[in-house]
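Have a look at this one.
Residue numbering begins at 1 within each chain, and the chains themselves are lettered A, B, C and D in the order written.
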């Protein structure tokens, strides 16, 4: 097997006396689609924020391609759970934001932004400000902004939680298409087990606080997947039983 | 078995007059809801589902047609028709107890009696011990429980729920769906529940009414006969889910 | 947070001290070594004078605390009237369209006039007695309170009104149980701004015409060219301003308890 | 025409009638019924005549209305521009750089509650009745709201937006210029507006207390001569300029603050 792109070793993080992440170690292969599921409040968001060093970690190491993670060097995009579209920029300017920060060539920016806007269906709204958009459109803006930088590592924290179902299905399929086309590595956090089974190559099940890895389940169902397929249902039930949240 | 009709929507249309012009939101809507039935109004995106609920509860009046609830024509809001909202719409300045007993209190029911009643519903939604908390101190799911208790505590003929779990995360949502099922089996009421989530619709409904996109009207109805509690991954459940998804209007 | 190192703790105490010490040193240096010393007293002199005036009268009759109390009484009288009137006008303008249509144009005419500009007119109308001062202070606070209350009344969530009606509330019940409580935070914001402008207005009024109060202390200092007395007055005003602001925050904490997440 | 527009128009008529009624009552009470003496409240016709006359007559204060306006506006602009140029960078630095915050904030908290009006006598002692004295008063009235608002604007930057920038690899500088400043812009603008109001108030107070030109001076001359028509013309002028300034700010805000500000 090839060298993993992301290596996490003995990651530990606590807030005051509250231990949130307890000695977590795992690898992510290049081009892999990894879904992380776990009970509510198990620190999944802390997990991603520690991974990107937005939080200082207490101990352990995180490397990308064998080097310490560096947000300036590595091309990472992170889609947060909260709405993170910038109110003072138009839809188009929001989508350009990451590319501008990275000083990408103007022509490439133009081309990528057009392309990505088309995919998420925002072309008509390019000059709108976030205040004029509905919640689900705002989330599309954020998703487009992340896709536009064509990241080597894409982190998504429940990006589709608040979306209309049909739109969610549409964007899930688009995500898969983009992922297959660009070969990017995706770490996707979700509460929705069906979503996890639908999207992932592998599912990482977390325990309650302090968070550890309960199990890593490979998911080799053929794509495109079908939710009523008995194999699909079987895997979905297996993960549900592992979490046992009710 | 002949069933008693509780809500009758007859040729209802609604136009909004705004400075930017007139908007036809509901167009010739017809449906009936029977006593103690759990009906889900299901439709894509912003298709005017909330307007339909506002018409039923009397917050808005239809431009054409009429709505009859429990034999009376709807002409304005009334304590006989309760509502649970998407954004919880609690009175932020009252604690849980005062929120729940708001209805009985404004109708002049004695303190002792209304406290007893409110306590019953607080216990029913599983918030025992949180009576003195203010809404900001509660999580989204708990706030939604207060909203449900508040609507039930007024003992209305019908209860409307407008995407009550739209803002909750998937796990809390599953939990709340189970709760609503438990509550509505313990306290039989006529419920009109609006959602855009198919799973939720099939899990809860006795009958699903699929709505058309703007202007809103009835597209199709489905009777759900699956045994309760329902299994999200049973073949029948998944088959119905795919059928409904296929029938929906595209929103993109 | 708990594990913050000694270094950090030292920083939170030391750095602010650096700021204060720097100001005092610069002041002291300026006074001691430049010609400004002819006009400006040293910090120590001001402090000494401040303590002296706590027990001894400024001018003929009143000690510094008495002057403060006189000013405070004027402020509170005007402020209370402004609050009551402002809340009534603001809410009725925000909730009742016809009243808004009638009152708003006249209010818009008054709104942009700075509070102190009323002083001469007040003196012409009411002489230089207490009525004139109360009027000036009233005008200072009134506008801010109306503006904020009006905004609050317009921001009442119509869906919440719907909830109340649907639960069986009458119009009057909905007003007292929904409109009023949801305006409270706005009213408080207005009252806070209003109180500080009232405090400004009383100063201006006392400086233009009076025989007592902190404003007079300052202007009397100017008349006899006593800089230390002016500074004592300024410091007294600042301290009183801080106390009033703290009091308002305390009241807000009590009345708006429901907005706090903690506990 | 649709229903909503028709209702809107109805309220516009009510507003118009209310304005006319206000003027009518004023006229009745003064010119017809003579309820109050003319030196205390002139009738509206007299006010308008005086207003027109003041455009070319220099009596009683030695300058035409426009000359007075110019004198006031000149001073106000001078102090205001300095206040803005110093206040906003200070506030931004306080909000963005921890060390600056720790050193400057306590000093600033101490200065903040001092009403600029209280500094008028100090400035008069230092500089006499001069342009500098007034400009410094206005500077103080301006700088404080500018600092307060830009500081809290920067402080209120949404953490999520900073994180977005960080994960895209933005430097600290890029974060300031692409996230913190644009998101604080509406707050900073609100600060500029508040500063304009308080500097205008400071100016009037300064001119009332000691000056030889300007609208405030004209008003105080009017008071000394019991010419209440002059006082009212002065107050109205202040109000009209206030309205013009606020309209100008609305336009600027529309132009500069993108994405719409809080409504």
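Of note:
Here is the rule we use: a contact is a pair of C-beta atoms (placed from the backbone, for glycine too) under 8 Å apart; a residue touches a chain by one contact, two chains touch by 3 or more.
All of these numbers come straight from a predicted model, not from anything done at the bench.
Separation of subunit C from subunit D in touch steps, taking the shortest path, is 1. Highest C-beta contact pair count among chain pairs: C-D. A straight line joining the Cα centres of subunit A and subunit B is 33 Å long. Remark: subunit B and subunit D have CA centroids separated by 50 Å (rounded to whole angstrom). One inter-chain figure worth recording: subunit A and subunit D are separated by 49 Å, centre to centre, where each centre is the mean of the chain's CA atoms.
Residues of subunit A touching subunit B in their complex: 39-40, 121, 134, 136, 158, 161-162, 164-167, 170, 190-192, 227-228, 233, 236-237, 245-246. By the touch criterion given at the top, residues 17-19, 21-22 of subunit B touch subunit D in their complex.
Subunit B meets subunit C in the complex at residues 54, 57-59, 76-79, 81-83, 85, 87, 89, 91-95, 102-103, 106-107, 134-137, 150, 154. Put simply, subunit D touches subunit A in their complex at residues 158, 160-161, 163-171, 174, 178-179, 182-183, 185, 257-260. Chain contact summary for the complex, subunit C toward subunit D: residues 11-12, 15-16, 18-20, 23, 39, 97-98, 100-106, 109-121, 123-125, 196, 199-200, 203-204, 207-208, 215, 218-219, 221-222, 225, 227, 230-231, 233-234, 237-239, 241-242, 245.
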